[in-house]
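There's a structure below that I have some questions on.
Going by the order they are written in, the chains are A, B and C; count residues from 1 in each one.
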């Protein structure tokens, strides 16, 4: 007898293990797990990660100062330039060169520690940027340059090497990205504020319909109770982002669609929490006030509301916190706010620094609100 | 004069809580109702101010038929009947002052009271009521910050706000320890001496002997005894509480308050 | 009472101090908390309004300063009333506090703050109820109520004939008549212009059956023939299986035709359906099931991966294990900081990064979910470890057990149930998240959902919505049950 049950257990656990193995093998195939690729292509994220560490926060107004020297290719095609002895100047290791020869370009007495751009200025007026670099503390730089065929002299006029120096003329000021992100962050916070407010106004009365101690009386009350309950449970199962896709399709892309989607889902989850708070109220004070001759309104005002308001406020603050998090990403599916800015910058492939600004802003806002909402809720209970 | 005639209560689930109970309470009495848990004491008290509607029977109070009163009339009657509860029934998150003011709702202007605006005389009355039960210093505390005995005093102050002619006390001391029990009942006794009629349900027999002017006993919803406290001897006790019961003395300590 | 209390400070002084800097008057009266709170909220309020309101550019350049001011006031300057009101209240409050020791209700500044917050927010959020067209909403919701999930299994009986549009001046059109399997379809005349009437008939079809008559253009576009060219034309065959009906050539059949005089062969179709009994899953329904399975398995893989990584990390993030010496404490602080940081980045944002690395598809979604779950689980696990009761460990040690036995009988029984509960909870969350992660290219049902919405396949969207609700509610229920048992 004992042996049999032992056998049964072994078979059962073997079956469970087999089921798990099957489940995982299916999952593995369905999800296209490919760790080799993850490691091999990890370099693709390098640009993104480095941008992430250099968010676009500040900018300076700059003035561009250009110095130039002519450089004939090949040597006898045009007159060589007179060497300059002082002031910001460019010096080449050879005065002229044949095609494909390499030479050293140096700059002296330029603005120290400043961004510069070096380029060819062809005789026909077109320009070709060679490199971008920074001068050292003495205002000096040097670079190896190839005398390319494309820069050959034409009609007795030599190509020139030009160096642009970007000299800052103002202090640091917020960059465009920072201004945009600030605006979008405000939009995001207000989206959460609005959706939570509207949801509270709708959910508070609805929650009484979904509270068994208030509504579940008689066949009509019972059916109202179950209808409201199911509405809350079904609506709660949709992520606001899923809702937002439909709302963006209806109302057009933008924060309004995101706010409405958030509102619908928040009504459901606040409604459920509220109704649970209503269900847990103590009937004693209601009885006491009825016994003292208070009317129905007075009973609600003095026996029901004081019992539920602290819970309600705590849930509202908690949901506002959640809604801020969600409104940071609801823009990905057309809901407006910082998410839209972020997805736009990432998809453009050149806006990683701006995207980094947005992500940092999100992190900070989420942290601050997390802290504040925890403090408020601690005070309430 | 409160007259209860043939009072019967059957709950929707079929429980018969009261069976044909009749008695009279004269003004100025301290009537104590005794009986086992579930014998119908709470139902009886709640029928008097119709927190529970009796199935059959009639309750008249100074020729007013309470059982037939329409809602507005009923509220006017209720505001003259104070009630004290076993679980105090305070709004725990509201202040003591608000809880006491709640006793005045039946008199207040219904609209102004919703906004929390009270006549100054009511506020003075509340302060006096709190002073009377000795917790005026706690007026601004939250109700759940108070001890059980203090909470019951708030409950009495709330009943006092109604300026009642009749006080119903449903097991007012069942959740309190013996010393506090005496202190609470002492307040009720004082009110009784000032002319209020008190109907009180109690558990401990020694408290009944100490405070009651008259006693009725319920068993399974039927009135099995009516008389003076001194008439309850061992035999009567066994009859009311059953053969298994042992008399437990609450305490002999006199109330200090 | 207040009359008997003498004024301790000059209300004028306190008011003046608060006018100078909001809250300063309160601070001078030793109301530190109130003063600082007033200052902070005043600064935040002013900051928001200043950031939102247009700067007063044309103030001195304008010839009509009053007009310029009114214009500025209208475009955002109005909101300066909020901080102004709060400033006035703060003076009043400070003076009152100094004069009679009573503070004034904070309802007033709260009202000002809310006025600014909701007023500015209303405009930032671009609330536009005129966009909320009910007709459009119904057009979206109605097809969702007929989810494209299962259909009746049915048999198709189809016949068609050529019709030439338009008539050519030079060519004779081929005869508009076809025979096949005993069915005959024809149209008279053989060719027609746009919107011209044609008599089409078919015979040899199923008798007494509704038949859909529709038009296929030369390039293969379907055109309905009923209503105002927007509804299917349905005609019933007679007892012999024939029907004759007059149709009009749809006005749009020559769109994308470069030469309008060129005669092309269009087709008129006659379709009959007959139920075969039973139901089958539609093709979109198949995608819903496939996507849902993808989402659930994504969540499973992500949760499994995250358990493996979260357990070792959680030990590093447990204070009671790492608090021993400065080095381990340092590791603890670093781990906690990283966990807190990554936790505040939504999985959706991580998904975008992984899409960049491994391309579109469920793997990117799994990795994003896994990373987010690792940090979330590691934090929960470490809290469990921090909450281990030393009592049982002591008891096991006291019996003379060795290190392994202590771990097996003193530690593991304490941490396994909460670990499991948290893991199941996480799986539950991951299923919800895997649904939305597809919307940014992470695979799963979200990917299909967002495509269907973009091409207006609302029936399929309805099916996806039902699938999501069923799966989420079921898993919610199951995980709640399991956790109830464990805790």
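We adopt the following convention: a residue touches a chain if its C-beta (ideal position, glycine included) is under 8 Å from a C-beta of that chain, and two chains touch if they have at least 3 such contacts.
Everything numeric in this text was worked out from a predicted model, so none of it was measured.
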Among line, ring, star, complete and other, the chain touch graph is line
The chain whose C-alpha centroid lies farthest from that of chain C is chain B
The larger set of C-beta contacts, choosing between A-C and A-B, lies at A-C
Cα centroid separation, chain B vs chain C, in Å, comes to 57
Dist(centroid_CA(chain A), centroid_CA(chain B)) in Å evaluates to 63
Per the C-alpha centroid definition, the whole-Å distance linking chain A and chain C comes out as 15
Each of the following residues of chain A touches two or more other chains, namely none
Listed in rising order, the residues of chain C that touch chain A in the complex are 48, 51-52, 117-118, 120-122, 124-128, 131-132, 136-137, 140, 293-294, 297-298, 300-301, 304, 340-341, 344-346, 348-349, 352-353, 356-358, 361-363, 365-367, 432-433, 435-436, 439-440, 443, 446, 449-450, 453, 461, 465, 468-469, 472-473, 476
The chain A residues in contact with chain B across the complex are 282, 284-285, 287-295, 297-298, 301-303, 306-307, 309-310
Residue set of chain A touching chain C in the complex reads 23-24, 26-28, 30-34, 37-38, 41-42, 44-45, 48, 182, 186-187, 190-191, 193-194, 197, 233-234, 237-239, 241-242, 245-246, 249-252, 254-256, 259-260, 325, 328-329, 332-333, 336, 342-343, 346, 359, 362-363, 366-367, 370
Counting only contacts in the complex, chain B reaches chain A at residues 49, 51, 75-83, 85, 87-94, 98, 102-108, 110, 113-114, 155, 158-159, 161-162, 168
